[in-house]
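Presented sequentially are two complexes of subunit A, the first with subunit B as partner and the second with subunit C.
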Partner chain A sequence: MTADAAPSARAPGERAASGRSHPIAWLIWTRLALGVVTLFVVSILIFAATQLLPGNAATAVLGHNASASAVRTMELRLGLNKPAVTQYWDWLSGVLQGRLGTSLANGQSVWSLVGPRLLNSLVLVVLAGVIGAVVGVGLGMFAAIRRDKPSDHALSVGTLAVTSLPEFVIAIFLVIIFSTVLWHVLPGVSPLESTSGALKPWQDPRELVLPVAALVIVIVPYIFRMMRAATIEALESDYVEMARLAGLSPVRVLLRHALPNAVAPTIQVIGLNFLYLAGGIVLVEFVFDYPGVGQGLVNAVSDRDIPQIQFIVLVLATFYVAMNILTDVVTLLATPRRRVAR
Partner chain B sequence: MTAPPAGGARPARAAAAPRVRRREWLHILASAARTPRGMAGAVLALIVVLLAVIGPFVTPRPPLAFATIPGAGPSSGFPLGSDILGRDVLSRVLDGGWQLLLMAAAAMLIGVGLGAAAGIAAAQLRGWRDGLIMRTVDVVLAFPQLVFALLLVSILGPARWLLVLAVGFSHVPQVARVIRAAALDVSERDFVKAVEITGVRQSRLMVGEILPNLLTPLMVEAGLRLTYSIVIMTGLSFIGFGLQPPAPNWGYMINENRIILTTNPWAVVAPAILIAVLTVGLNTFTDAIARVALGIERGEKLIAEAEAAGAGTVTEIPA
Partner chain C sequence: MGGASALAACGSSSSPSSVSSAPAAAGKARKGGTLHAGLTGGTGSDTVDAHRGVDNVDFARIIALYDALIAYDLQAQNKLALAESMEPNKDATVWTVRLRPGVTFHNGKPLSAEDVIYTLTRIVKNNYAGASSLGSVDVHGLKALDTLTVRIPCHSPYATLPDAMTGYYYYMGIVPVGYDPKHPVGTGPFKFQSFTPGQQSTFVRNDHYWDTSDGPYLDTLVITDYPDETSQVNAFVSGQADVINLLSATSIPQVQQAGNILTADGGGMTPFTMRVDQAPFNDPRVRQAFRLICDRPQMRDLVFGGRGTMGNDVFSPFDPEFDHSIPQRTQDIAQAKSLLKAAGQEGLTVQLVTADIAQGTIRVAQVFAQQAAAAGVTVNLRQVTSTEFYGNNYLKWTFAQDYWYYSKYLPQVAQATLPVSPFNETHWNDPAYNKLYSQAIATVDPVARTAIAHEMQAIDHSIGGYIIPYFPPTIDGYAKKVMGVAPTNVGLSLGAYNFKAMWLA
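Showing the complex of A and B:
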């Protein structure tokens, strides 16, 4: 993709009139460039919010009762005596070169604290995302095919009820049902070693069941609803009507004529659910004591550990932007008629 | 409910001339409440709201006072048992909702107000101002909503009005996207063009012509953002960055009493059920509003778009 996109990327800009040769590559490059710009502004925002705010980061770290000399030392340590632009540049160039600095809470390097957490969270997000997508897409199509029958109504009402439940409430109910009050079948708290990274989440899959289940329950309703609507729309379109009137079998109509036109919304829905998971892991990891970035962020915020907060938020935002771009690009590639839009 | 009237009141007031329109939002609310779905939602939400509002006046014991053995199960004197510090759970549940509700409603007003202003301005002004507003929205959308609110709260501190501001601001990008899409449709219509030709100021055009025609999306946004305000507000309180103890609130109660889950589950279950019933009720009612105002198909689509407003920049849900 990148290989054949590269040479044509400049074409539309230089020969705008005849430059319709590879509009798709052009769109992808614009999208990527926009993503990079977005991330750049995001990094400024994160930095400004955490370090340059009028309240002074040093007092934020030490609390308001800190002595003047302690504040002074902290200011030097955070580089607050330098001009704002220099501070930002030091931070950004450090992050880009992998120098993330040291934690203010315990002096360890930020990477050694956050790195293992990234992997743990990724396991959670990928598992929940894939399971949620399969279940949600399947249920959505099923409901669309059986439209207005009892099973469709039951699914619609059920998902509507779950849609708005806060993820931590779902997680707590899972803990109550499966690991404390009613039954004791699954571990409700993950005793994985969080900082050393000695234990990997997949070494005891039982510990993953409830956190993944909580996230799946949260995302399935969204996927279900969008998928149901998209399938119904595809089924109601003129060409499907035409295919039906031409006497094709219902299965063939569904698979060959309706579903290909529901591909774009499906991709978007799946992208959307990964986007959601970037934020959803925070509370779920907290409930299950799961050593991921979400729990790390909560800990860092309680410790007022600015270098850790900055890095974790930047990672989450980068994931968000990257997933967004990926969704857009795959949607573009999957739906020819959209390639001319914008 | 504070939510739907608040979202709908502004367009009603702004539309000074046509008399029919004045009570349109009330009419939509009433018809929504008459559908089975809407009635179920309204009843669920109202039960919790009444409990939160009347609760503080009827607490059997002072909600902050030590009363009995910590973590004791239900007994005749303590219908829901006691919490981790030996305080009466029933009293704390009754007293722990009103602040959350008030703050969530305020955050919703801020979010929908600013978001609608940004969305309408972007749609009507077009050009570079549209680009500037929407690219700003893109940047804020790169933060998951809870993370954005958490970041703001962690810097600003846990003061209540800052919490309201943080949650309110975190809604702005999503609202702006939905309202911009709706406002683009309206601003294309002939009557807007006709008024535009007379040379009135853009601000008058936006408030007097476009805003009154966004009643349905605004009502749906108000309902959705109120639900999400409660979700985020209780979530922040749950992890200890929202409303601060010792005053009871449902979010933090769930967290602090997790340790005594085996001895007195009610200390966790009661606040969790109240939050669940409230959000489910509000969301169901919002759904009913969309279906009544737009018909089932378009209503579903509006809700789906509003929920998806945090993602996707090239494409919208196919029309």
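Showing the complex of A and C:
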């Protein structure tokens, strides 16, 4: 992800909206239409990419057992002997009728395989995103008030240091500190296992602690830095100066006058971080053996399991599109001067 | 205790098997508890189907759920399981199998001859892996002579049928008539409870198991898939996994801090495969030179910290038919150079295709490349993913690697070194060798058959297409509270995933 993604305070689609319907409704509709086109293009690209990968589901499933005759039998069983275009059409027409199909790797329905994983990842992303946003915004404001004091410098240097570490390194550090070497207080892996089958994430919250912590540590620096910069800018502005001179309490100045103006660019960064989380959880899930979509996608790709790959990628793409729209809408709502139709 | 006695037998046997970290016997085995097994080697295409197993985690589940007619003991020798006897006729064209009485499936149905017929037919009809061992069995002629006796006719003599039914790769777990893999039922020591491919599976003890000599003890068995060794070892150290499999030598110190290490000399192999029908390996002198390039002790030291047994380019070291009198090949760079010179291949450059398909494969490829430099041979490594390795070019690579679980010699030949073998990766086709094989499988007398097998092994050793530098060990970890863990020579982890004998102190 881009560390210093420029906070675009200008809402895309705004110009096009001039003189027409309410800008927010217009933005949502055009974005949704574009989103559907995006998903369609993505599905074609993914399908084409899987065709270019060496091997297919039959050889991947058979592995060492992939003798010529076994591969032929398996290809017939899975329908891989049909032309690629036919295979794609079969998949697409199935999806349009609400059938996600069955996994080529193990014959189970794609929904039954991916559904629980989606839920697991969603829990991870939402928890990490919300905690990360709250912590990042809080620390950002704190540092802005304490600008150029030791605590501000410590926070800035600390977050900068963390930014330079990839997420799996942070994850492994956490495991070393809390599970395997220094202390043995938290589970080092989070497979959500039990004696009766897979658990839901909230059934064993201890297993969520380290994966969520790793992701929070990754996203907090970006939110923190944006929030700090935006708050400082707001605090230096004339109207805050005015409010101060008018004798308002520092807390009221900060919360009522500075914060609303600092929050718009930060929302963009929070949105970007949610987008990052949707992809960034892959490595963290891998380190913790957490049964989420990231791990599912890795498995599906190595199995050349096209129906599963397609579904997971489409869900991720939908998440991207939806988060982008949501971020823009929230930014508009947080920026009063931009939400009036002109 | 079963583990301890098996160990004693292991130590005194003449086969080259050694054992480290003897499992400590702590009192009498007791029932109860849940064992968490953290295993690597699984994928999203994992299965609980008795006949579709491919990877380690599949076999862990399959061994828990199903029994075959005949299996291996811990020394990799044949041991009758569901069969009480297997007798051939004079020319080995008809086998008569007598089943053990009083065995029931997990659903309460008694084991009968019809189930064996159903199982073998299912394997052949669907072309599952086991079908390659049943090629000469006439499945249409299978007949139940009575409820516990099956007649197995063969199209051609097949004296090695019991041997061909023992290997894990082609494991022929007996399933009941009408078997549905969605609700897997077998006769094994554990009953199915739940399964999520690539994630986890759970099993409960079969209280009606036919073999009560040593277990099953555990109430519940939970098998969890781990994507790699790091997370697996983390799970072990933080107490979330009680037993872990397929470790590399580098993990040993960390694992030892939290539990015990189980090292076993396996008979499986991770050979280099040279295609004898393609240049430069179509010249036997080049193949000889490549085998002489290997400093085998160094390879074993660098890859497994000195564990495992030395290889001599002939497979199946624990088979009684294996010829231990063939002199051990050692590194001889001077001779390798002169052979290459005689073949006109001085300064040869080859590409070696390697992938992370088994413990140590990539590392031994790197070591080989370095050792080859001394003989003036440039080995360019091409590392591919295991999916690509087993993709469209599998069995076609000119110079590559592979891995095999342990199998007896003649069944291994049937799989790998005959023109009709399904996995003839070296493209080996030697008329004298083929003829010897036909003779061997028509020979019921084990002494006469061993003599023929030794002739074939002499050919393998002198001009074959495999380089077998060592037989890799299996290195596993088990928590201090886990008892009844014993090593095996069959090359599968954790005593061939022998959860039946494990109990918790």
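In the analysis below, the second predicted complex is superposed on the first by the 262 of 342 C-alpha atoms of A that agree within 3 Å, B and C clash if a C-alpha of one lies under 4 Å from a C-alpha of the other, contacts with A are read in each partner's own complex, and residues count from 1 in each chain.
Operating definition for what follows: a residue touches a chain if its C-beta (ideal position, glycine included) is under 8 Å from a C-beta of that chain, and two chains touch if they have at least 3 such contacts.
No experiment lies behind these values; they were computed from the predicted model shown.
Visitor: Could you tell me if A:Thr180 is touching subunit B, subunit C, both of them or neither one (first, second, both, neither)?
Guide: Both partners, subunit B and subunit C.
Visitor: As a test of reading the superposition: which chain, subunit B or subunit C, is in touch with more residues of subunit A?
Guide: B
Visitor: One more residue to check, A:Phe286. First (subunit B), second (subunit C), both or neither?
Guide: both
Visitor: Classify the contacts of A:Ser237 with the two partner chains as first (subunit B alone), second (subunit C alone), both, or neither.
Guide: So A:Ser237 meets neither subunit B nor subunit C here.
Visitor: Quick one: is A:Ser109 in contact with subunit B, with subunit C, with both, or with neither? Answer first, second, both or neither.
Guide: After superposition on chain A, A:Ser109 lies in contact with neither partner.
Visitor: So in the superposed three-chain picture, is A:Ser69 touching just subunit B, just subunit C, both, or none of them (first/second/both/neither)?
Guide: second
Visitor: Of the two partner chains, subunit B (first) and subunit C (second), which one does A:Gln308 touch, if any: first, second, both, or neither?
Guide: second
Visitor: Using the touch definition from the top, say if A:Thr59 reaches subunit B (first), subunit C (second), both or neither.
Guide: second
Visitor: According to the stated criteria, A:Val298 is in contact with first (subunit B), second (subunit C), both, or neither; which is it?
Guide: In the superposed model, A:Val298 contacts both subunit B and subunit C.
Visitor: Based on the A-chain superposition described above, do subunit B and subunit C contact any of the same residues on subunit A, and if so which?
Guide: 53, 55, 60, 172, 175, 180, 286, 298, 302, 304
Visitor: What residues on subunit C touch subunit A, complex-wise?
Guide: Touch list, subunit C to subunit A: 34, 36, 43-47, 54-55, 126-127, 129, 132, 169, 193-194, 196-200, 202, 220, 222, 224-228, 230-231, 234-235, 237-240, 254, 357, 384-388, 390-395, 402-404, 422-423.
Visitor: Please name which positions on subunit B make contact with subunit A in the complex.
Guide: 135, 138-139, 141-147, 150-152, 154-155, 227, 230-231, 234-235, 238-241, 254, 258, 261-262, 265, 268-269, 272, 275-276, 279-280, 282-284, 287, 300-301, 303-304, 307-308, 310-315, 317-318
Visitor: Can you name the residues of subunit A that touch subunit B in the complex?
Guide: Residues 27, 31, 34, 38-39, 41-42, 45-46, 49-50, 53, 55, 60, 160-161, 163-169, 172-173, 175-176, 180-181, 222, 225-226, 229-230, 233, 264-265, 268, 271-272, 275-276, 278-280, 282-283, 286, 297-298, 301-302, 304, 309, 313, 316-317, 320-321, 324, 327-328, 331-332, 335, 338, 341-342 of subunit A touch subunit B in their complex.
Visitor: Going by the contact rule set out above, which residues of subunit A touch subunit C in the complex?
Guide: Touch list, subunit A to subunit C: 53-56, 59-70, 73, 103, 105-106, 108, 113, 116, 172, 175, 179-180, 184, 186-189, 191, 193-198, 286-289, 291, 295-296, 298-300, 302-305, 308.
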